[in-house]
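Per-chain numbering from 1; labels A, B, C and D assigned in written order.
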């Protein structure tokens, strides 16, 4: 995920934008096919010093200016009249938003896959422990018997619902941005949008969305909810791993979970990664929500604040789900300790209702595919 | 909306919960039909000192304890053996969450209706000003010609998309909460859940969601996005209303928009209400996201933090949409000023592309119904 | 605290503002002493329908307009030429900000007192349990021996530092707002500011701070940090109260801590109140921080978003500290359980270092007074 | 600032921690002076593959484990009995927190210097334009005359107050962390703390602050307020730069402010950087506030969430202040346009009060030094 949102990938996505724009413009007769070929070729083989470009982009406040300049300079040497056709009709934000969406698309695939793997592991736990009794706890106090399968089924529904929300939001948001200076498609056309979107594997948008950011916000909040669903699992596992409960343990992983002061310790480091992400994510989503009331056709400050926050949300989600997958993959459950704690609480031991409920939830999950 | 989330309505919803629980329990043979009738009758006619009850609930940390005690005392006088059947099988959070969902359902209807009214007004503006040229502005600078109709169409798509997201999230979240102490339905059954949900006009949940709060979080973030979409419109109108631009003005409303120091002023007070809501909403959504990793079967602190934040979000959304509706309903557009500003910027005046684009967006909105 | 930030108190503070303005204006020769007396008298005895006024203020977007109108109407009957002198030179925000500061001043006194009481209770615990060994825990795992006194001393330093920061920030922020329409003191003077501030018990400001809100933001974040310091204590107590640890218990309080489903339970309801506040507070502070970049002389939306967030922060801080005080006041410590858990962890039992450290911290606290 | 919070600097700070610990331990007779010298020497000349170390640290959940292992391996070859003395008495978080404080100290110096430069530029503007009349605006509407000097003086007081708060908070927070596994200084002593703090140029803490994070939170919120104070200036300049107002313009900077679609445009790109930071900062502060209620002696997830958020806040503050400094350094003020807009608003032109007020504020700033 770090690679997906790294500078290399960003520059690659930006070059893909320019190449696709040229091809679509040529297909609609706005520029000559030969010009499009020259531009696409330049996008394919221009050598880019990514660090230098990033510095210039930070100074310029936009990636498009220095990148387009480089492309034009490269082309101008042999095709001086083509140079000016690079980026024709587009504006900086078209490039920035489309590149972000291409990164988000690659990131979304990773997230959906990780979340699916986590859900499958949770389903496995729910099934394996369908009848393992344990103490149900409320307000951090002993309450009444449940099964560990029921708890795992609850985790599963939470992660699965959050995964489906994220897929829905991402599908809605992953759209090409192309509108030109003020979003009128002046010098372009809806047909260019359609072609270019197909070329890049994004959906077209019925209007440019330069200052209409609900899609980005929806994706960001869905990521935060997904991280929170993972956080719920990590919260519970870290509590169950307390020495006095000793019901569940993260797998021993070489190089993880040790303590520099106490070599005997076995820290819930995977849970720590997830919980740390769950503390950071809500605020990042909030920053993106704060930027929604953007000015006029393209705002000042609001959308520029989004990309780093969104990238961090993708990275946190990926890190949290990956850490949780490792935790669940080798999770050690001590069913005897669960029984012991249940008996000690003296709240009865009939968890029959829990068994049936968990089965129902599992069946619902399996049915959904 | 203040009434929907007021204490009176909350107590009413809580009493509806108890009555529906009794009826569903009787229908499933868990208590006698006569007992259910006694309980439902008590819920219907018990006199409640709402302020005193609120104080006791705040002290107890839950509404259920003092309310159930009152119901039992009332019933015990004439039906001592029925008293204990009140709230049977349920837990405090069943009542609290279901009551919140009943309030949210009433609130959602108001929001959807207000958002629809705002969208219709925006569609009207987009249509009426389809060909009104104005200066498109980016990064707060003069950029290129658009039409006011295109801008209004963009506003429309933003509000409409946010309204549809909210409807989807609310439909998903508005579920009965019923699980008993640890969510196992011990002493109850899925059939009770089905009946009770139908009775109260909520959807049933496949598992109790005591510590799985993605539905609440999805509703909260959808409200924040909707408020942000309204904020985008208010931002633009307040900028267009600046004296030096003078392109749009809020309607004169008696008792609003005046200044205690400068009687000649005409303040964009409606926009102020919307923008203020747009500053507050992201943080409220963030608080709800922060509470997601809740402990065990029912957490400590996390879900108790949700209700006030969610209620405020509903109130802010309602207030913002209502204020925006009033602003749009009588919005004065000065097309001559728009033309003057466009000419002064010397960026050409061909906004032809904008006209067609706005029509497309409008058609999409109308098609969707 | 609800009363301090209630509508009644707000109206009272607003009337105090108008009376003090009249008196100071008269003392500086800007209006006649008799006029000031008439205005002050009207402020003292005008009957106000607070609910109706609140509605009008909400509609107007400001309290000043309907309140000043009422005052003028009341005075006009017998002193028509004085009526216009009400609010002379001031603007709506002067009244709104000053009233908020008067409320904040009353609120601050409550907070400082509650935080002091909590600190004293913590100091008492640190002293009483200076030598009570317990298991130190890190990353939710058994680590090495400490004393409960050391832990309590850490709690103490946290609450005490947060209390001192809050006092410092509040002392800095609690300033009179008086600037007139655009903050130039046109028609007024710095001498009026000095007099009026003295009259109201606030500090004067060297410039009006209509759109310079760092004082409000500093107060808000200091409250959030104080709530977080209380949250740290509540987090620990709720973990120590887990049945399997059983080291500490909230006092039994009639009407609190019970469970509607499980009468035997003893829930950490006081901790719940604190932890719930600690989830809500950061977001409220964030909303106030988001409003800082306000427009021109007096902004649109930003400052209007502050008052409800600040009031809620005061209420949450008061509620959290009050709940924590009750928890600490009757906190039951089971030193035998602490020893048992320590032995079971098999990490040695020498906590000698902890004793001396805690004494040092206590001495530091006592020295500071 | 990126370098200050970069991985190289972090590793350097961590090595400084280990060397200082060894020296202080030797000075207090806990280890042999020769051993300390060997350790310090290893810290000085060990070659570190920073990228590989960062990967291992991310996997381990802590930097200390892989770094200490490397040090021990290096030393073990020639001084096998010294190897175990590396990191003696300390815990991972001692190293992590102290390294963060060393980075924060370097970062704070940059911030204070940048903020001071911005304040001086603002003071210059306030002085140069003490008598330049302009239109004061409230709620984004023309209100009454002020001077540009008064507005600049307001900006100045805001930035200066925020700078002083930040200095105070940083001075309070920049403390050595040293406590060992559970913060008891077992195997160490307060004297080691004193020595080591002096060695590293940090203040000692009266108790280890592993799970008492008010200092970090105070620093973070002070940074957010400082960014907000810069954001207020940027908001105003970007509004004054609107073509229809044309009162102020960012300097032309090569490679900045251009538009990829409209070469004639002059975008307020410096303001954009500041405003974007002002949208992101509140949420980052909120994440740190959310982590305050940490568990027991050292928490799980809360403090691990702090470092990236704090680093980003420092970077945003530095970026925002630096961008604002460039904007102010060459800010073009069009006094004639200011006069024209004032006249057009027809609100009079007497700004005499403003002149005196601004002088007062300036004098206050100069007096403070």
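Methods note: a residue touches a chain if its C-beta (ideal position, glycine included) is under 8 Å from a C-beta of that chain, and two chains touch if they have at least 3 such contacts.
Because the structure is a prediction, the values reported are computed rather than measured.
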{"item": "Pair joined by the larger number of C-beta contacts - A-C, A-D", "value": "A-D"}
{"item": "Farthest chain (mean CA position) relative to chain B", "value": "D"}
{"item": "Distance between the centres, which are taken as Cα means, of chain D and chain A, whole angstrom", "value": "28"}
{"item": "Centre-to-centre distance between chain C and chain A (centres being mean Cα positions), rounded to whole Å", "value": "38"}
{"item": "Contacts with two or more other chains, residues of chain A listed in rising order", "value": "91, 137-140, 143-144, 180-181, 234, 238-239, 259, 261-262, 267-269, 272, 275, 278-279, 282-283, 286-287, 290, 300"}
{"item": "Residues of chain B touching chain C in the complex", "value": "56, 59-62, 64-66, 68, 87, 89-92, 95, 180-181, 234, 238, 253, 255-262, 267-269, 271-280, 282-284, 286-287, 290-291, 300-302, 304-305, 308-309"}
{"item": "Of all residues in chain B, those that touch chain A in their complex", "value": "91, 136-140, 143-146, 150-151, 153-154, 157-158, 161-162, 165, 180-186, 190, 206-207, 209-215, 217-218, 221, 224-225, 228-229, 231-232, 234-236, 239, 275, 278-279, 281-283, 285-287, 289-290, 292-300, 350-351, 353-354, 357, 360-361, 364"}
{"item": "Residues of chain C that touch chain A when the two form their complex", "value": "137-144, 238-239, 241-245, 259, 262, 265-269, 272, 282-283, 286, 290, 341, 344-345, 347"}
